[in-house]
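Below are two complexes that have subunit A in common, paired first with subunit B and then with subunit C.
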Partner chain A sequence: MNGWIAFTKKEFMEQLRSYKALTLIAVLFLFGMASPLLAKMMPVIFSQMPVQGISITIPKPTILDAWVQFFKNMSQMGIIVVLLVFSGTLSREVTKGTLVLPISKGLSRNAVILSKYFASIISWTFSYALAGVTACGYTFYLFGRFSAPHLFFSLFCLWLFGAFLLAVIMLAGTVVSGNYGGLLLTAVVLAVMLAVNVFPRINKWNPVTLASDNSSLLLNAKTVGDLSAAVWTTFSLTVLCLILSLILFRKKKL
Partner chain B sequence: MKNILPYLPFLIPIAVIQIALAVAALVHIFRHKNYRIGNRGLWVIVVVVFEILGPILYFTLGKGDD
Partner chain C sequence: MEILKLDHIQKSFGKLSVIQDLSLTVSEHSLFGLIGKNGAGKTTAMKMVLGFLQPSRGEIRVCGEKVTYGKTQTNRSIGYLPDVPEFYGYMTPKEYLKLCGRIAGQKPEQIRKRTEELLTLVGLANVNRKIHGFSRGMKQRLGIAQALLSEPKLLICDEPTSALDPIGRKEILDILSLAGQQTAIVFSTHILSDVERICNQIGILDQGRLVLQGDISDIKSTYRPDTVRIELAGPSGVSVLAEKLQDFPFVSATEVKENAVTVRLAGVEKHGHKILELLVREQSPVLKYEVQESSLEDVFLEVVK
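Our next item is the complex of A and B:
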């Protein structure tokens, strides 16, 4: 337990020193701020463009547009940024050999994985919450009082998808060696899930729906019940990935 | 241009964050000699040309270990 606390502290220290925390917070905050603004300004931007012969009519932007924009940015660019920031957290230490010393001094191997996962999920949660609160504030300022259906649930879905992705990164870091192997494997897993999404039958269970169906939740095209299956699979897959990486990391040569 | 004026209080913080990220990355680039991939010229171009994404790419992929 002591080792876990010490290693978690070291993880947070590293996130600060290596600019990881800075970039993640800055970028997600930016998305939170820019999304409602972009939704609001879309008609202004279009009206500034000189278009001859065509009259473009754009419906007045609504609160839902702001949140749709938010989820679009977050689920694409936001997830890519998370992937880039955290992909090397385990594999880099393995290739550099910096884990050899603490482990030979008695730090348990489980503690390494668990504290890495804990530290990364805390910074993901913090920066995501910051982005969500910022988006709430700016939407309120630009559009006035609002109530969006299932807003909290769809925010939670995307958060859970991020948590799942972090677990996949941990697993990929233990399975593949090399600096970028983990990143590549995680990208492959994402690509496979996106490809599988084509089949409507598996669709219901696919974790990707958590990141892609937020907008339809807001527009009432889907209900909470439609996504609950995906929430449970994602949750169990996250736990499974973590357990697998704990087991595999015990046998990994450092 | 008049239409954009009310949004300036929002656009300014966005610009500040973008510039701050780029400056932080540029300072780091010029203070360090070794990069994991690429060289100094490449990273300066990437950071300056690609807003937001450039500095992130530098901090995650390009930054060498101290």
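Our next item is the complex of A and C:
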């Protein structure tokens, strides 16, 4: 437990001093702020564009547009930023050999994985929550209201997907060696899930739906029930990834 | 008390056998030099002691406790200094030692006290900048501080001096021999003079086997080469002298080099006077008559032949 606390503190120190936390918070905050703004500005932007002979009619932007924009940004760019910020967290230490000394001091290997996962999920949660609150605020400011159907469930889904992704990063870091192996493997896992998403039968269980069906939820095209299977699979897969990382890391050569 | 015991350890990576049947014991207060060529298996042996690698066969005990691969309990009695220690570059030495102390389960008060003592010992007391700007020697010294932080019973140093300049080496050796007053040290190297300087026990590792182990002074006297070197004033009579020396039945070989002749013989104490008598008889202009000391290098070269 001592080791876990000490190492978690070190993780936070690393995130702060290597500007990882700052990058993540700043980028997600920007998305949270820009999404409602962009939705509001869209008609203005289009009207400024020189289009000859074509008349484009754009419906008046709504709260839904603001949130659709938010989820689009978060599930694509946001997830990529999370991937880039955290993908090297374990593999870099293994490659550089910085874990040798703490482990030679009696730090348990489980504590390494758990500290890293805990610290990264706290950062993800904090920056995502900040982005969410900012988006709420701006939407309220620009549209007078901010609530949309299934908004909080939809936000939760994307958060859970992020948590799942962080677990995949941990597992990838224990399986593959090298600085970019972990990033590559995580990207492959994402690509496979996206590819599999075209099969409607598996679709229901696919974690990727948590990051792709947010708009459908907002538009009432899908219900909480439709996504509950995916929520449970994602949760189970997250736990499974972590357990596997713990087991595999125990046998990792350092 | 036995601090470290390796019992018939074997290790192979795939088909490559790195350690073959290695057994050794290190007792309290010994400064044990593990000598071997590059690739002899020194680092592998040390990593197995720390539980970083799994022995293919055999058992390792640290302070009587069995070492299990992937578990780290036994490491609490060990301080480890790798050949090139890697730190978190964004920390200061104090912060790093604090992290180490917390991991090892020490109390904050104790950590503060030890940190001050050790940073003074290794000469980093007033260095408050981040580690990423440190030179190799500074990193090595910080490495020793972190290894000694939790007052370990055993300090394992993997080639601590190999990458350093002469001054850095001397500093590290001085610190190690100071530390050796409190803990047992296992110290691997291929620099023999370092071992001669600080170790009291040695083990020579060759092709995964311990070919020699024991007290350094015992080993040196056992391997005394029985060589006499005679230096004359000029090169003129040297070869004649060498021929005459060769006529003695106890002389096995002579070697002439410039104005000196090196004689290998059986029993310097017993037959040495006969050589001296010859020198007087021949009225050779002797500058120097020297019974050569065996160096660790001779021993090493002899056993790894």
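The working rule: the second predicted complex is superposed on the first by the 253 of 254 C-alpha atoms of A that agree within 3 Å, B and C clash if a C-alpha of one lies under 4 Å from a C-alpha of the other, contacts with A are read in each partner's own complex, and residues count from 1 in each chain.
Here is the rule we use: a contact is a pair of C-beta atoms (placed from the backbone, for glycine too) under 8 Å apart; a residue touches a chain by one contact, two chains touch by 3 or more.
Only a predicted model underlies this, so the values are computations on that prediction, with no experimental measurement involved.
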Subunit B versus subunit C as contact partner of A:Lys10, first or second or both or neither: second
Subunit B versus subunit C as contact partner of A:Leu30, first or second or both or neither: first
Partner chain(s) touched by A:Leu84 [first = subunit B, second = subunit C, both, neither]: first
Touching partner for A:Asn2 - first (subunit B), second (subunit C), both, neither: second
Partner chain(s) touched by A:Leu107 [first = subunit B, second = subunit C, both, neither]: second
Subunit B versus subunit C as contact partner of A:Lys222, first or second or both or neither: neither
First, second, both or neither for A:Ser18, with subunit B first and subunit C second: both
Subunit B versus subunit C as contact partner of A:Gly97, first or second or both or neither: second
Touched partner set for A:Arg250, first subunit B, second subunit C, both or neither: second
Residues of subunit A that lie at the interface with subunit B and also at the interface with subunit C: 18, 96
Of all residues in subunit B, those that touch subunit A in their complex: 3-4, 7, 10-11, 13-14, 17-18, 20-21, 24, 28, 36, 52, 55-57, 59-61, 63, 65
Subunit A - residues contacting subunit B, complex: 18-20, 22-23, 26-27, 29-30, 33-34, 37, 40-41, 44, 47-48, 81, 84-85, 87-88, 92, 96, 138, 179
Subunit C partner contacts - residues on subunit A that touch it in the complex: 2-3, 5-7, 9-10, 13-14, 17-18, 96-98, 100-109, 250-251, 253-254
For the subunit C and subunit A complex, residues of the former touching the latter: 50, 52-53, 69-73, 75-76, 78-80, 82, 84-88, 90-91, 95, 99-100, 102-105, 143, 146, 149-150
